[in-house]
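Have a look at the structure below, then the notes.
Should a chain be cited, it is by its letter among A, B, C, D, E and F, assigned in written order, with residues numbered from 1 in that chain.
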Amino acid sequence: MPQTSDVISRSDIFAKERHTAELEHIFDQGWLFIGHESEIPEPGSYVARMMALDPVILVRSLSGELRVLLNSCAHRGTQLCRSDLGTTSHFRCMYHGWTYDTDGRLRGVPGLRQWYPESFDRAEHRLRSARVETIEGLVFATWNTGGPSLADYLGEFSFYIHALLGRTTHGWEAVGEPLRWQSGTNWKISVENFGMDSLHLGTLHESPGRLGIFGATDQPPTAITCVCPGGHGIEATKIINGSGALAFPGYPEEYWPEFAANLDEAQAWFVANNLVCKGNVFPNLSFIDLFHDYTGDPTTPPEVAATMLRLVQPIAPHKSEVWMWILVPVDADPQWKRWSQESLIRTLGVSGTFEPDDLENTASISVVNAASFARDWDMQFVAGAHLEAMKEVEGHHLPGEVFACSANTESIQRGFYAEWRRRLGLEPGTRSSGEPS
Amino acid sequence: MPQTSDVISRSDIFAKERHTAELEHIFDQGWLFIGHESEIPEPGSYVARMMALDPVILVRSLSGELRVLLNSCAHRGTQLCRSDLGTTSHFRCMYHGWTYDTDGRLRGVPGLRQWYPESFDRAEHRLRSARVETIEGLVFATWNTGGPSLADYLGEFSFYIHALLGRTTHGWEAVGEPLRWQSGTNWKISVENFGMDSLHLGTLHESPGRLGIFGATDQPPTAITCVCPGGHGIEATKIINGSGALAFPGYPEEYWPEFAANLDEAQAWFVANNLVCKGNVFPNLSFIDLFHDYTGDPTTPPEVAATMLRLVQPIAPHKSEVWMWILVPVDADPQWKRWSQESLIRTLGVSGTFEPDDLENTASISVVNAASFARDWDMQFVAGAHLEAMKEVEGHHLPGEVFACSANTESIQRGFYAEWRRRLGLEPGTRSSGEPS
Amino acid sequence: MPQTSDVISRSDIFAKERHTAELEHIFDQGWLFIGHESEIPEPGSYVARMMALDPVILVRSLSGELRVLLNSCAHRGTQLCRSDLGTTSHFRCMYHGWTYDTDGRLRGVPGLRQWYPESFDRAEHRLRSARVETIEGLVFATWNTGGPSLADYLGEFSFYIHALLGRTTHGWEAVGEPLRWQSGTNWKISVENFGMDSLHLGTLHESPGRLGIFGATDQPPTAITCVCPGGHGIEATKIINGSGALAFPGYPEEYWPEFAANLDEAQAWFVANNLVCKGNVFPNLSFIDLFHDYTGDPTTPPEVAATMLRLVQPIAPHKSEVWMWILVPVDADPQWKRWSQESLIRTLGVSGTFEPDDLENTASISVVNAASFARDWDMQFVAGAHLEAMKEVEGHHLPGEVFACSANTESIQRGFYAEWRRRLGLEPGTRSSGEPS
Amino acid sequence: MNVAAGIKDRVVTAYNLEADRLDAHDLAAWLAWVHDEFRYEVPIPVTRDDPRAPQHSSTGFLAVETKDSVALWVSRLSPALVDAAYAENPPVRTRHFVTNVQVAKEQDHLNVTSNVLLTWGKWNEEMRFLSAQRQDVLLDDGRELTLLRRRALLDTNVIRLSHFRVII
Amino acid sequence: MNVAAGIKDRVVTAYNLEADRLDAHDLAAWLAWVHDEFRYEVPIPVTRDDPRAPQHSSTGFLAVETKDSVALWVSRLSPALVDAAYAENPPVRTRHFVTNVQVAKEQDHLNVTSNVLLTWGKWNEEMRFLSAQRQDVLLDDGRELTLLRRRALLDTNVIRLSHFRVII
Amino acid sequence: MNVAAGIKDRVVTAYNLEADRLDAHDLAAWLAWVHDEFRYEVPIPVTRDDPRAPQHSSTGFLAVETKDSVALWVSRLSPALVDAAYAENPPVRTRHFVTNVQVAKEQDHLNVTSNVLLTWGKWNEEMRFLSAQRQDVLLDDGRELTLLRRRALLDTNVIRLSHFRVII
């Protein structure tokens, strides 16, 4: 029999009471990804974003700070920003004209003297602000202003974020605006499908494999899976050759020495020589770094690397919204940036050769597990339960529990659901008796 | 800090548990507006209406009574009337043919002798009827058959209804059928935006103001705000000039003496010389009386008055349906009626220069306050909290608490929400811990 | 006053809590109709079906058994079958390729040796299977594997199923795939309208009657209504003539002797000489056997018999989905089969002369009884409450409580709702205080 | 074989007039362009593996009508009976949006395909929509077009209109 | 009376251009083809028993506009005022799908009917749809068509767009 | 510059045939009218203040394809691979309603805009709808039209189809 820690009740995934609890204990408490610094390049630049179901404005304030403000007037609640992006010196509410500066302070109140009591104090009516911190250009925010810092929240996992995004000398930039699509599944199913699961590569994605789009290799690769406290996890599927040379396939070769130089040894080893490297920051920010062999442009070099972020917003127990950012090194050649961008759109974008199959698959999991009988069953996360954690890999010490196998198994999922249970105050093996959703 | 009576929790506005409680304690108990007498001119005339979510038929019975009947067969519940309006001598159920007279009495039962027990008594199976009363041609009904009369329910506020609609010698009539549109907001937000809030005129409605559609005046107006027990309220924004002459701008001048003569002095003073006069009968019947300066027809006289009713039906925590009736004096010139009607359609109708901005605004309040974090905040109704109630205004005694200011502030809203709390059994400062909707 | 057992609270019909309880106590416990054996003629034939809200696969396994398998992978829940029908040797999950045989046993697991612990036992991961039994070609299944057999569940009612479908020597077959349409009403309303209620024939269906489509007869018919334990019921509306000759109007006369010979005397008497015979197997499988006089094809013989099954799936308190199967004797003439099929499509199909009026009617019952006030009322099932059960009819002993009247009254409904209450643990006269849906 | 624009224009004109009559609930007038041998079929949509496999039934139908059977509907809507035509009275607001008309001329008839989006507005309810391809056979005597056969291939497996008493 | 294909083609071309301008929120350009006496009416849909009874009001309207009243909208969208045009700014994405155009030539004008499906995409919200028949009167001086009257018959009794500040 | 009805008719005919092939999931046949330099782009819809500002991205895309990249899809749907084309097999029912076709002739190509309503019916699910404007560049050698460029401007900011592996 599988261990209770290797299974999760289907009703737990989809129950309405779990969804409500997730909003309260995970999304209102945790650090949530908001956007990339390059999206708001100048003072006054802003973009409209969501923190789970709460709409916020990410703005680089005129005083130079990154601010995440609830997109709702302090007076009677009108939405302040109704466009996707722009540049502004202030936010003015259309209803009664209350005006806030880009730090969220209430500045102007029409009729202040005539209509409001003398005791009315603008300082008591600033916009609600989330706490904001960044790592490697990624902007995170939390409503939990008194909780742990972002660094504490990420813990050991920062090592891997620095490894992936600290390689470049001049940083990364988001190309274009985020792609967005809705998915008929629960956010957890979408997150673990994209950010954690690798065993489906040869089956669900058999087609792009056979079309030569991704994964061609002479040597059998090894998957290094790292499960960190806090529910974060990452895996790198790599060719381990004796030579020890650090290659970054898909990136122009002139970058390679610089990439290695910007990292410490273990980090460099981890991100080098990979077919693909992917993972997830708890709860819902997944990322991937890979190279494609061919995506339909014969003028492209044979291997083009690509990096993306993928945020899955919870909307309802059976509905979520995916946001996809494509990142490229700031100083890359414009033509190379375009190749990299297009390769991702054609594979992991909503019109790509991979994502539609994943969408079909994850939606199907929702469809068949919505009802009363099916929900009274488990999902199995037993693959890799037999692997032993390694002290070091090829002489490198990597943070977290580290496993090596011919494929990335289900270890990251087990870590993710353990953290999920912990935050919701659930024991392994419990099951929601609440109403189906 | 604002007083708890000056704020209302955002979760209180939108919580599903509040919506359910509203249906039970406010809409199933209070007097609800059903229609205007002129809509059912003859015995047998009927219109299909809603009492909150319950469908009813308003019919002038063959015996001459106004009846409000639940639109559902007493047998097994089939809808009896499936059209918006008509004339009939009876209601026959399509399912098994049970037939009711226009007073709701069961008359015919096919197969009565063969199929039903002898003990079957038609008198036990009449249609459910609401209690019906009228004031100035406005038909109200309530399910609370043993509760207060309409006059008691309105209390002092009747003074203002008589003032507005008792002016004319021959009464008013509804022009055309009600306009209907849905709004993506809670009914309370829509009601207080239209029937109570005036501070948004210069901001949200800056555009029609600058286009010369409404509000042009040389002298600064004064707003007289009257807050009555029961949650009802009204405001008149008027030019107070020393002369004491009673003008009814926008109405043909030949009406003016008659308008004054039909009212007592204080009433006449209140409804004369107004730019606009508007208010709300608790819970959801708003009205407005105003004149436009220009709405796009150069052949119209410069000022045309207009009067309308606006009912906001609660549908769901974030959805409501607006019904709009345009009223004109029965004996007005047909051309004038048309001008008045068209001026309202072009401003406060769903295609007008005002209403779309209000719809956009109120929907935006719903959108940004649906989620878990935003809901844990307040709305502010502090404007005018410093004003002192007046014993009399310009020598006139007006019912309710009366305030004068350069604009109608947020006093009516405070009265409205106090009544709302009272009916729901809530203390100021409470907040719904129930599920978001 | 009607007895509490003759009424049912409108809130009971539509309450969300009742819907949830129905799924648990009725649909997860009872025997549900899945399909007709002729739909899956060969080993490997399968069709996708629903057991209430749970998707299942009905498959004739390669080993020759009828199987009803939950359409969801035992690993992480992916939908296995995504088409309406087909033939297969196995079910392979698209996600990670787990492969099941047609008996639901897990056979193949890609990467079994590399990725899964040695303790992983395929036998522990078979598809969830329902218990399957058949009667006269009708396939039923239940999740309640330890409960009563189908025969026990049907009890005395089997008599009637054998009578209707045991007439033919070579059995019946489904013509074409099931027709499907959604209905804006509760499943119970739809079921009792189609499978139980006859009093609406002259009123709701006045139009097809007057068009000569159905029901023309010189002699007044008699309705024999049989109410069996378990909530099942059936009625036959027949011409009782003294002759005792067994006619099966609408069927080719050459069948008549054989029909009689295949049944015992009481059964033969019951199904012979009928204008129509219809009923319902608790909870939601209705059936009808009738002949039409004319459905628009002048080349058709004047009377053509037709038999159909009608399953009403519960979807939500105010939404259900109808599935319609048309059955014909296997050995009938192809032309006759076509006539029979087309006559049903043109009357009881979603485009027919009967069903649209029924749909309109049942949806209207839902629409007007969704709100808070209307729900606090009853539906009346009093017709026929005065009839006395008969020991025998025309010398024949028929199972269940048997009534004779000029029409089939509301006895079957009373039996249906009594069983419904019993399974939900409700007393007569209770009413849901739960939230409206 | 494709056809001269003139024939296509006539077909489009006929379709537009047809749509008007259907949406005015004037089945009697609509029947005027229907051939005596008219057959109308809406096969049951059936989802099968393989995008090239037929996705509609060859043996099951959601609707099958002839000129005579539609004549029964016409009677149903006649003044004497319309009061009991509960599904059609009060009327549902329908509108046929006809696009993508393609005409191929055969020996003695025209094969015409078109796309139809049907909108469905019942009293105060939200609008519903149905999309389909029509495959028609028209006869053309040079002066007048008549409708000999129509097969409507629905794009949904389950009817979600309030009923299906409508010609697509 | 039906008309030569040439006229119909010109009408269709004019409608397509009109739709483009409306969907680009360029009311000023749209106004160019509107006659000085232009009247635009959207009668209130009213459901009555009997499918042959009129299903739209003769006395009540959801919109009534003239060239002068639309000119107010144009001003509203002008650079000086557009910042306060909250319902139209940021813009709603609309698209007019115009089909079933039928042209009848009268003495001195054209009577034209067409079906319009309006799609409505507000920021991140789900799309909404409105279906209607347009009944237009056009004037044709042989060179240019102008729009004299438009009556839009909606297929829904209740407006469910976020507002109705739109020309159908 | 507007064009003779003849060219417009040919464009409409080509669009209708194209829609048929797309809705029959026959990408291989569809590819026949695609130019070797074909480029297909669906820019990301971006809502900006000001109705005159561009409402679609200039740098971000929801889809970017060439003839070669679409050829990969064709292979994906070939008999050898179609069993693993899980998003397209079983097929989604799609229908392209193409209206408002406007053709402008330039020196050496045609600029064509059209409106497309795409309906999307996945198995037993409710239909979904997508509305867009297409901005195409066609080449015309007098005999045959080929599709050189297509830009599809969606009317929704968020894709709500079950996936977007479809040519608009």
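Following the convention adopted for this analysis, contacts are C-beta pairs under 8 Å (C-beta built on N, C-alpha and C of every residue); 3 or more make two chains touch, one makes a residue touch a chain.
Please read these numbers as outputs of a predicted model, since none were measured by experiment.
Shared contact partners of subunit B and subunit C, listed by label, are A, D.
By the document's definition of touch, common neighbours of subunit A and subunit C comprise B, F. Under half of the residue numbers at the subunit E-subunit F interface are used by both copies of the sequence. Spacing of subunit A relative to subunit F, judged by their CA centroids, is 31 angstrom. Work out the mean CA point of subunit D and of subunit F, and you get 27 Å between them.
Multi-chain contact residues of subunit B, defined as those touching 2 or more other chains: 82-84, 94, 204, 357, 360-361.
Within subunit E, contacts with two or more other chains are made by residues 5, 47-49, 85-86, 88, 90, 97, 99, 117, 123, 129, 157-158, 160. The list of touching chain pairs reads A-B, A-C, A-E, A-F, B-C, B-D, B-E, C-D, C-F, D-E, D-F, E-F. Against subunit F, the residues of subunit E that register as touching in their complex are 5-6, 9, 13, 15-17, 19-20, 23, 25, 77, 82, 85, 88-91, 93-99, 117, 119, 121, 123-124, 126-127, 129.
Every residue of subunit C that touches subunit D in the complex is listed here, in rising order: 82-86, 175-182, 184, 204, 206-208, 210-211, 213, 295-298, 321, 341-342, 345-346, 349-353, 355-357, 359-361, 363. Per the touch definition, subunit F reaches subunit A in the complex via residues 42, 44, 46-49, 57, 59-66, 68-73, 75-76, 81, 84-88, 157-160, 162-166. Looking at the complex, you find that subunit B touches subunit C at residues 20, 23-24, 27-28, 51-55, 70-72, 74-79, 82, 93-97, 110-111, 114-120, 124-125, 128, 143. Residues 2, 5, 8, 45, 47-52, 55, 97, 99-102, 113, 115, 117, 129-133, 155-158, 160 of subunit F touch subunit E in their complex.
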